[in-house]
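Below is one structure, written out as structure tokens; the observations come after it.
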Amino acid sequence: MSQLFDITLIALLIACAVAVIRTKDLLAAAIIFSAYSLVMCLIWQHRGAPDVAMTEAAVGAGVTTVLFIVTIARTVRRER
Amino acid sequence: MAYWPHWLVVVVVAPLVGAVLAPVVGRGRPKVVALWALAAMGVTSLAALNLIVRVAEDGPFSYDMGGWEPPVGIELRFDEFGASVGIICLLGMLALLFSYRYAEHTLPTERVPYYYSLMLLNLTGLIGFVVTGDLFNLFVFMEILSLSGYALVAVSGERIAEMAAFKYLVMGAVSSLLVLFSIGVLYSVTGSLNMADVAARLGDWGARSPAMLALAGLSLGFMVKAAIFPVHIWLPDAHAIAPSPVSAILSGLVVKVGVLGMLRVYQIFYAAETLDLTGLNTLLVWLGAISIVMGAFFAIFQEDVKMMLAYSTISNVGYIMMGLGLASSYGLIGATVHVFNHALIKATLFLSAGAMIYRTGYRTLHDLRGVGKAMPITTIALSIGAISIVGIPPTAGFLCKWYIALGAFQADQPFFGVALVFGALFIFVYYIRMVNAFYFQPATHPEIAEVSEAPLSMLVPVIILATLCLVMGILGRIPLSFIEPAVTRMLAPLGG
Amino acid sequence: MEVVDIRPMLAPLISFVCAGLVFATGRAAFWRRFWSLAAAVAKLAVVMSMLPGALRGTVYVFKLVDFTPGVGLGFRADALGMFFAVVSSTLWIFTTIYAIGYMEREHSRMRFFGFFALCVSTTVGIAFAENLLTLFLFYETLTICTYPLVIHEETPEAFKAGRKYLTYTLIGGAFVLIGTVVVYNLTGTLSLAHPGILTSSIDTGTLGLLFVALIAGFGVKAAIMPLHGWLPSAMVAPTPVSALLHAVAVVKAGAFGVLRVIYNVFGVELLRDLPFAHVLAYLAAFTIVTASFIALFQDNIKRRLAYSTISQLSYIVLGAALLTPLAATAAIVHIANQAFAKITMFFVAGAIQRTTGKTCVHELAGIGYRMPYTMAAFTIAALSFIGVPLFAGFVTKWYLSLGALEAGDWWFVVVLIASALLNAAYWLPIVYLAYFKAPPGTTMRVAEARPTLLVPTLICAGYVLLLGTTANVPGMPFSLARAAVQFVFGM
Amino acid sequence: MKRALVAALLIVAAIPLLSIVAELPPHAAPDSPAYTHVSAHYLEHGAEEAGAENIVTDVILNYRGFDTNGEVTVIFTALAAVLAILLLPSEERVEERPAPAMPVSMVVRFVVRLLAPFIALFAVYVIMNGHVTPGGGFQGGTILGALVIALTIVLGEDEAHRLLPRPARPWLQAAAPLTFVVIGIAGIAVVGSYLGFPAEEPWQWVRTAWLVILEIGIGVGGGAIIGTLFWTMEAER
Amino acid sequence: MIEALWNNLDYAASVVLFLIGLYAVIAKNNLVKKFMGLNIMETAVFAFIVALGVVEGGDAPIHGPDAHPPFTNPLPQALILTGIVVAVSTTALALSLIIRIHRQCGTIEADELREME
């Protein structure tokens, strides 16, 4: 059961990573990146690393995404 | 003689405090912040001096952070290679002094404190990198110096500065990740992060391939930092565009992080005796040789003075890598001494070129013709640097060439000795162009004759460095005898 | 007997300090001249003060810091080194006086005199080098210091010549460096204090490559064919520079290096068992004849002098390569003989150019009437080169022939005779033109060169005579050469 | 073309990499070197020796405190870097600001204002309790930073700038490394080594106090830096 | 090997993510995208190192009244906390550079920037 949960999360993680790269809309990519971080955060929580999970949630999903969005707002939204 | 043990902390913490307080001290007072930065480096230099004296008398020593013995806690370790802290402090002081005018005139007042802050952080990172005995701590300091390095490249605000910085950042970040990944691998097979402890436990895990992977990752990561030939592409733009005092630090010191990192990693793997390093050594020697030639080759086609100097850094790191890869005692001695001497020489070159650019506003050889008459002292310093970097005796550069060539013959690889000596000639080709332009060819811009000598805060560092280039050629034995025991210790497991 | 004494270091140091003073104060003509002359005299005095001791067999040694274990910056005035030092510091005085006159209206005189002094400093450093590394150090410095002199004119042609000069000599320097490294790696020492430091225990292939590297390295400056290409091009430099390059400093440094390699690095004993020296002798013989032959067709006086130099330098190399005491004596004394004669010729060429503006052989018709003293000096030098008895060149040829016979290679004597004939063929026409071919319809008035140009010329010519007539008088350079030979051959 | 090549190369590179990671000590095995050497010491003695029940906090602030000292320096470096690159000269700063790119709805504004004190309280809780529960200085600091960001979006920059008074700003930004240096020097004075904590019987409350001070320093510094980073990048037009 | 990989699934996943990120860094043209790739690489390395510290049935390493061993390895977690901060610092710097590049050159596509040089 736990194994299955793990595999599902990892598959989701890789899917998110591929989606981040394939999405042309940078804003969407940034949001997917945020989701990727949250999945990662779930995995870590599940692995018994709550400190890291919490940091990743705050920094990876939060601050990094905000910074990406600010950048995209200041530059261009679509990749060519 | 008893020594106050905490100098080893001071040497890292003093520039750090200087850096974080620079914005507090320097708000709206760019002159004060320069003095503040110099004072911070002064304290650091004092600490470095104490440490060097101590290591010369008693040999290597260490400091347990928080009183935790390694491998539980972090250990700072100061050995003979650590004496590079001395040159870091020296160059740091001189570059800061040189920055005084530069920052005042080129940067907006608001950004000046942050410029100094970044300089000091960079030096903090360098010093920490050199003195730490813990792999992860090494990574942390490497990040401090890398991040500040990327920013310092961009700080000039010139047109392609940001692009150069970004290129530098991406490659640097990837290489840092490789290093971190390899540290993780080493940790997984040894359970420790302390370098000495890792070395002792590396053989315990049955499979060798993880150690090999770690070695490969660390080598590749540090090669990118050292800008060895195929992964050098970030260097020329970054070093040429950066403000001259920054270029001096980047070319003289930051690039050496790759080399010193390599040296430290090698110490681990040599001591562990689990892997045969011959293959990697052969690769290093070849890459070193190719870097020498390619660096020189590209430099020949440059018109921009600082671009030339940047390419010449690639060549010179090639020397060092070759010396490392030869794995003979003379080769290693040559390599380590070249780490010191190249720092001196390249700083001389970049700072004197910077003084010329500051005064004239031109940066190509063609535009700078005839500057030798207008700025005699600066130009002489630049010529001394040029002669030195080619390795003409009796300057600092010669000794390294001599030792590395000797190391090649000692290691029974005469081809590389010959390649090295003739590679140096190749380098001479573009330096002679430079000297010709500055001294012997008629000025392109007549107004260049009106230019006055560089201001004192720029001239003093340049003079000191040029003098050292000469003095270290004659007294080169001093750093050498200093390094020798460390090299012997390092090579001891090889039976050489 | 070895004595620790600062004088071997003092000698190069004087010129070095002089260079510094010239750069510091040399905008004023007076100080420039004053320092140059004072240093020249002081240096000669220092060198000469060691001469009596050197003749008695005392060797003055002075060691500074070590570069690498056992090898450091060290100075050692043995007989061979003293010989070279005496010649170069004597000639420096004359060249300085001459240069002051010659360069009167030139640009960048401070630079000229500064680097001039540096060149002499390094030359004496080469003479007194205690080990191969110190020798290399000064050898390379000499290359760098002559560069600003070669391109002094700052014309495209001069830059081209300078580039060529650097290319040749720096590649030569690289060879020397490699050779030095190998010697150190093989033996752990680089000292030049012994008659040979290599031993036959090293395999022949390595020794052969080493010999090639070292001889090629020094041979570039000694202009052994086919490494001579830089020398004729370097003729674009001002005449005192040519004099310095061809008679005193650069080329002699190369030849001296060859002597050191043969006598102190390999040693006569070792080389006798190996075929390399013989090959070198053939190469030298080839150079002697070929360069003389090329000289025949040169119209520019200085170019003709250049090829003559190439030919004459190979006398030294040949003498060394024959490995017999008599030939060695010839090789060493030829350093002096060639130097004085060749410098005389360059002085003459320069004086003619400065006084009349003529630079080619065919323009010299009747010049003997106009500049009788100058041309007399020229004639003396020419006769010396041909090898007429009573002139310096004869001494060389005599001993060299004896040495060749001693070595059992009689046909080198043939080479020497051929060379003498060729020398006659390219020098005598000039003398003939000068004295017996007055251009029709012009009455020639005597219009000699300036005294600063003329006096050094005459003194040097006088020396040529002196060296030829009194070679065996004790206290002359010849006895020094003999002392050196005795040391080298263990006699 | 280029992309296909890169992808192919990377797939080729994946094979040796995967085969090597397969040879690493088995995942999650309790007898792996990583678990039995240094970490075993931490887990066994951490709580008594280092003073926090959360062993991760022990490692971060005590055993490997110097790493964290470096870490806070890294984020300060990022701040200095961004300011050195983006900080606008004062003469450019006075010009009138355009309206926010996205108008913020009433509801959002109200909710953020309402929640702000609670978020701040939560951040303080995370910071102060880092030594007993998951979380700690940096996590709390990030929450503070996020709060600053949210308030900036809602209130506009000028209002939000008041959160960090200008004269105090450089001090706040430097808070984290400075706290470390101060505690480090206190360690030299009291225990005799940099970042040393007193562990003997009656002084354990000092140790706890120092841990909390460090957490607060990291939290305040981290929050200030993240807020400033956002402002600086956002102000660039 | 497949079985070993299956056991070391976390490591394998990290390697795959690392390479996906590397692909973006090398092959993507948009600088922001490049940097997203770099962030993926970073998290991959972090995941790898955290995975090193996992223990069968391990709990969060917090000694409390109701906590009981085995605990997960705290050291890798501590390292990764530092690592995450380093990553966000790098990101902030890189994004500021991208903003500046956009202001100076009007584009953030690598090939267009190369043409401008």
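Letters A, B, C, D and E mark the chains in the order given here, with residues in each chain numbered from 1 onward.
The rule is short, and it goes like this: contacts are C-beta pairs under 8 Å (C-beta built on N, C-alpha and C of every residue); 3 or more make two chains touch, one makes a residue touch a chain.
The model shown is predicted, which means the values in this text are computed figures rather than measured ones.
**Student:** From chain A, what is the lowest number of touch steps before chain C is reached?
**Tutor:** 3
**Student:** Please state, in steps, how far chain D lies from chain A along the shortest route of touching chains.
**Tutor:** 1
**Student:** Common contacts of chain C and chain D?
**Tutor:** B
**Student:** Which one of the chains is farthest from chain C, going by Cα centres?
**Tutor:** Of all the other chains, the one whose centre lies farthest from chain C is A.
**Student:** Identify the chain pair with more contacting C-beta pairs: B-E or B-D.
**Tutor:** Result: the pair with more contacts is B-D.
**Student:** Please work out the Cα centroid separation of chain A and chain E, and write it as a whole number of Å.
**Tutor:** 10
**Student:** Quick check: how many Å separate the C-alpha centres of chain C and chain E?
**Tutor:** 69
**Student:** How big is the gap, in whole Å, between where the Cα atoms of chain B centre and where those of chain C centre?
**Tutor:** It comes to 44 Å between the two C-alpha centres.
**Student:** What is the distance in Å between the mean C-alpha positions of chain D and chain E?
**Tutor:** So the centroids are 17 Å from each other.
**Student:** Which chain B residues sit where two or more other chains touch them?
**Tutor:** 136, 140, 143, 147, 150-151, 154, 162, 187-188, 193
**Student:** Going by the touch rule set out above, which residues of chain E reach two or more other chains?
**Tutor:** As it turns out, chain E has residues touching two or more other chains at 9-10, 16, 22-23, 51-55, 58, 60-62, 71, 75-77, 79, 81-82, 85-86, 88-90, 92-93, 95, 97-100.
**Student:** Quick check: what residues of chain A touch more than one other chain, meaning two or more?
**Tutor:** Answer for chain A, listing residues that touch two or more other chains: 50-51, 55, 59, 63, 67, 70-71, 74.
**Student:** Could you list each pair of chains that touch one another?
**Tutor:** A-D, A-E, B-C, B-D, B-E, D-E
**Student:** Write out the stretch or stretches of chain B touching chain C in their complex.
**Tutor:** Per the touch definition, chain B meets chain C at residues 387, 392-394, 398-399, 401-403, 405-406, 409-410, 414, 417-418, 421-422, 424-425, 428, 432, 436, 439-442, 474-477, 480.
**Student:** Mind listing the chain D positions that touch chain A in their complex?
**Tutor:** Interface residues on chain D, with respect to chain A: 54, 56-57, 101, 126, 134-136, 138-139, 142-143, 145-146, 149, 226, 229-230, 233-234, 236-237.
**Student:** Which of the residues in chain E come into contact with chain B in the complex?
**Tutor:** Touching chain B from chain E are residues 18, 22, 25, 31, 34-35, 38, 41-42, 45, 48-49, 52, 75-76, 79, 82-83, 86, 89-90, 93-94, 97-98, 100-101, 104-105, 113, 117.
**Student:** If you look only at chain E, which of its residues touch chain A in the complex?
**Tutor:** Spelled out, the residues of chain E in touch with chain A are 9-10, 13, 16-17, 20-21, 23-24, 28-30, 32-33, 36-37, 39-40, 43, 46-47, 50-51, 53-55, 58-62, 71-72, 77, 80-81, 84-85, 87-88, 91-92, 95, 98-99, 102, 107-109.
**Student:** In their shared complex, at which residues does chain A touch chain D?
**Tutor:** 50-51, 53-55, 58-59, 62-63, 66-67, 70-71, 73-74
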